[in-house]
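Chain nomenclature is as follows: A, B and C, assigned in order of appearance, with residue numbering initiated at 1 for each chain independently.
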Amino acid sequence: MMNLDPDTFKMPQARPFGQVDKPILRLEGIRKVYGAHVVLDDVNLTLRSGEVVAVIGPSGSGKSTLLRCINMLGPATSGRVVFGDLTIDEAASPTTQQLTHLRRSVGMVFQSFNLFPHMSVLRNVSLPQERVLGRSRKEANRRSLELLARVGLEDKADQYPARCSGGQQQRIAIARALALEPQIMLFDEPTSSLDPELGLEVLAVMQELARSGMTMIVVTHEMNFAETVSDRVIIMADGKIIEEGPSKQVMRDPQSDRAKRFLKAVKDR
Amino acid sequence: MSSEIFLGVARGIPLTLAVTVAAFVFGAVLGLPLCAMRVSKFASLRFVALGYVVLFRSIPPLLLVFVFYFGLGSGYIPMSAFQGVVLGLGLIAAANMSEIYRGALSAIHAGQWEAATALALPVRSAYLDVIAPQLLRVSLPSTAGYAVGLLKESAIASTIGIADITFNAGYIARMTYQGLPVFAIAAFFYIMISLPIAALARATDKKLRARLAL
Amino acid sequence: MSELLGFWIASLPQLLGGLVVSLKVTGVSLVIGIPLGLLLALGVQSKTRLVNLVSLLIVEVGRGAPALVVLQFAYFGLPSAGLTLTAFAAAVFALAWNTGAYTSEIIRAGLESVPYGEIEASSAMGMLRSDTLRFVIIPQGLRVAAPPLLGFATQILQATSLCFAIALPELTSNAYMIGTTSFRYMEILTLAGILYAAICIPATLAVGVLEQRLGKHAL
């Protein structure tokens, strides 16, 4: 059973959305080119704490690439990431300390889960805590079991990932990312590799996470999630943001032609 | 280091090449029927071929060469050193080449067989016209790699008196007491000879790819 | 037939003594060579130019030069540089180098077989490259490399026969010696072949079994 109780679930940024304060994350002038191919074309983004943003759009629009610019997994050619006091220039090489600080605070969940198959589920969630946060094994395991319980999988702790279904693996991956107590969670098409039924388990976890006040950016094809769970929707195409605004407004009444075409194609399936 | 040493060791190159090429041809040719046996539908043939391959990959090449040259050669059958080394290395090469061919066969898309069968091509034609040309291209990289391996194994010929690179190096090292540069030069020659083989393989691979549009 | 058997039984102690030497050389060469192979596998991927070039050189010479030449280089050549090795030491020097060079390729392939997504996930969590190597890449990479490494070990056992050229009393040398005194080359060399096969054939079968069982943990 899942039990994401906002009071005991220690989220550092559990504030209601809408408070006027400094944005938690800003992307300025993000531009990425591969030779002659422009993957991201001057993208700007502001994220407020507690906000849930869904990023949708056709394949090749640069959505996943944009996520990877945030935590510098695939740095952009130019542009800046401003996270709290930390300003990172994408073109420069940030120090190891800056990178570690950034990646501790920004968690990521992948389409292919990327669990470590040669370790038990528990160790998957504990190892990063030990190595990145310096927690003792006992403390890390304790935290891991808490998180696994919260995503409903504490009985899988001693199993190996191969024995778990796709939906279970993705929930474990979410627990692993949460174990580092990030302030922002990035989701890169978390349900695209899953059967619709298994995808529902994962979406439910993400919904509880959102309700508890986590700041999230979710790249997804799940239009229902975009409309009902996220606060804001961004539509990307050809490396640019073509439409942006409150979810219901963007999903029901898009302004630009390109956005209209995309949403029509999606709805007509 | 004098040019005499350099040339002296270099004089062994022709025999090194001769042994390598002879053993390679022997193995490449014998490997074909062996491979056919390996994939034949008759269990007895498969068994015999498997036994051959397993056996000849579990005995050191040097030992096998000794078996032919000293063993058979000392009375049973007339056997020159050259014949002994080519037989020994060649029989092992056949075992390895049959495995390379077998790997290439399984790499050729199953769909090719299906198409040939659906078109009711006779088995012989299917093999000769459809499979064999692709087999050549697919097995080329492994074959080239194995040829380079054979080049190095050919050094065994020096132990039974064939005046190849290694034999000459040993002789000169004993004469001049300069083992260090002499054997370094020998190693250098082997490395240098292997480079054109690898380059030739790459060039042929490109040509075949273009021609067969694979 | 029983006479042949008698001859074999009489020669067995000496041959087995040689086999023990062969196995010792194989063992020590692997114990030194495989870790060396891991170092070289990491070295050829290093971004530090010097490390990269030196590793590449060690690998290319180790793979390009015949073992027989490196053996004689170590035993006959090094003394003129002031380093005199025993036959055993020279054998290990040469075969460990050979092992390191070849296994570096095997291990490198194993390390590269680890799915890139897992490395991404490690980076995304802020794990250091050294930790990712230690906990994610190397454990899985070595597992993948284990069957071909075992297969290579049998190759090294066979390569010890080349130590004949540097007067090491291993199996092939001992068989040859018995041949020169008895003139029964065929019989004694066959027995030596049987001994080699008795180890290499089961080892090859074990590799096949290992490959099947290692499919278990992969996702």
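Note that in this section a residue touches a chain if its C-beta (ideal position, glycine included) is under 8 Å from a C-beta of that chain, and two chains touch if they have at least 3 such contacts.
These figures come from a predicted structure and were not determined experimentally.
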{"item": "Central subunit by CA centre of mass proxy", "value": "C"}
{"item": "Of A-C and B-C, pair with higher C-beta contact tally", "value": "B-C"}
{"item": "Cα-centroid distance, chain A relative to chain B, in whole angstrom", "value": "55"}
{"item": "Where chain B and chain C are represented by their mean Cα positions, the distance between them in whole Å", "value": "21"}
{"item": "Intercentroid distance (Cα basis), chain C paired with chain A, Å", "value": "47"}
{"item": "Where chain C touches two or more other chains at once, by residue number", "value": "none"}
{"item": "Touching two or more other chains - residue numbers and ranges from chain B", "value": "none"}
{"item": "Per-residue multi-chain contacts in chain A, two or more chains", "value": "none"}
{"item": "Interfacial residue positions of chain C with respect to chain B in the complex", "value": "60-61, 64-70, 72-73, 76-81, 154, 158-162, 164-165, 172, 175-176, 179, 183, 185-186, 189-190, 192-193, 196-197, 200-201, 204"}
{"item": "Contact footprint of chain A on chain C as seen in their complex", "value": "115, 117-118, 120-128, 131, 135-136, 139-140, 143, 216-219"}
{"item": "Chain C-touching residues of chain B, taken from the complex the two chains share", "value": "54-55, 57-64, 66-67, 70-72, 74, 76, 151-156, 158-159, 166, 169-170, 173-174, 177-184, 186-187, 190-191, 194"}
{"item": "Chain C-facing residues of chain A, complex", "value": "71, 73, 96, 99-104, 107-108, 110, 112-119, 127-128, 131-132, 160-162, 173, 176-177, 180"}
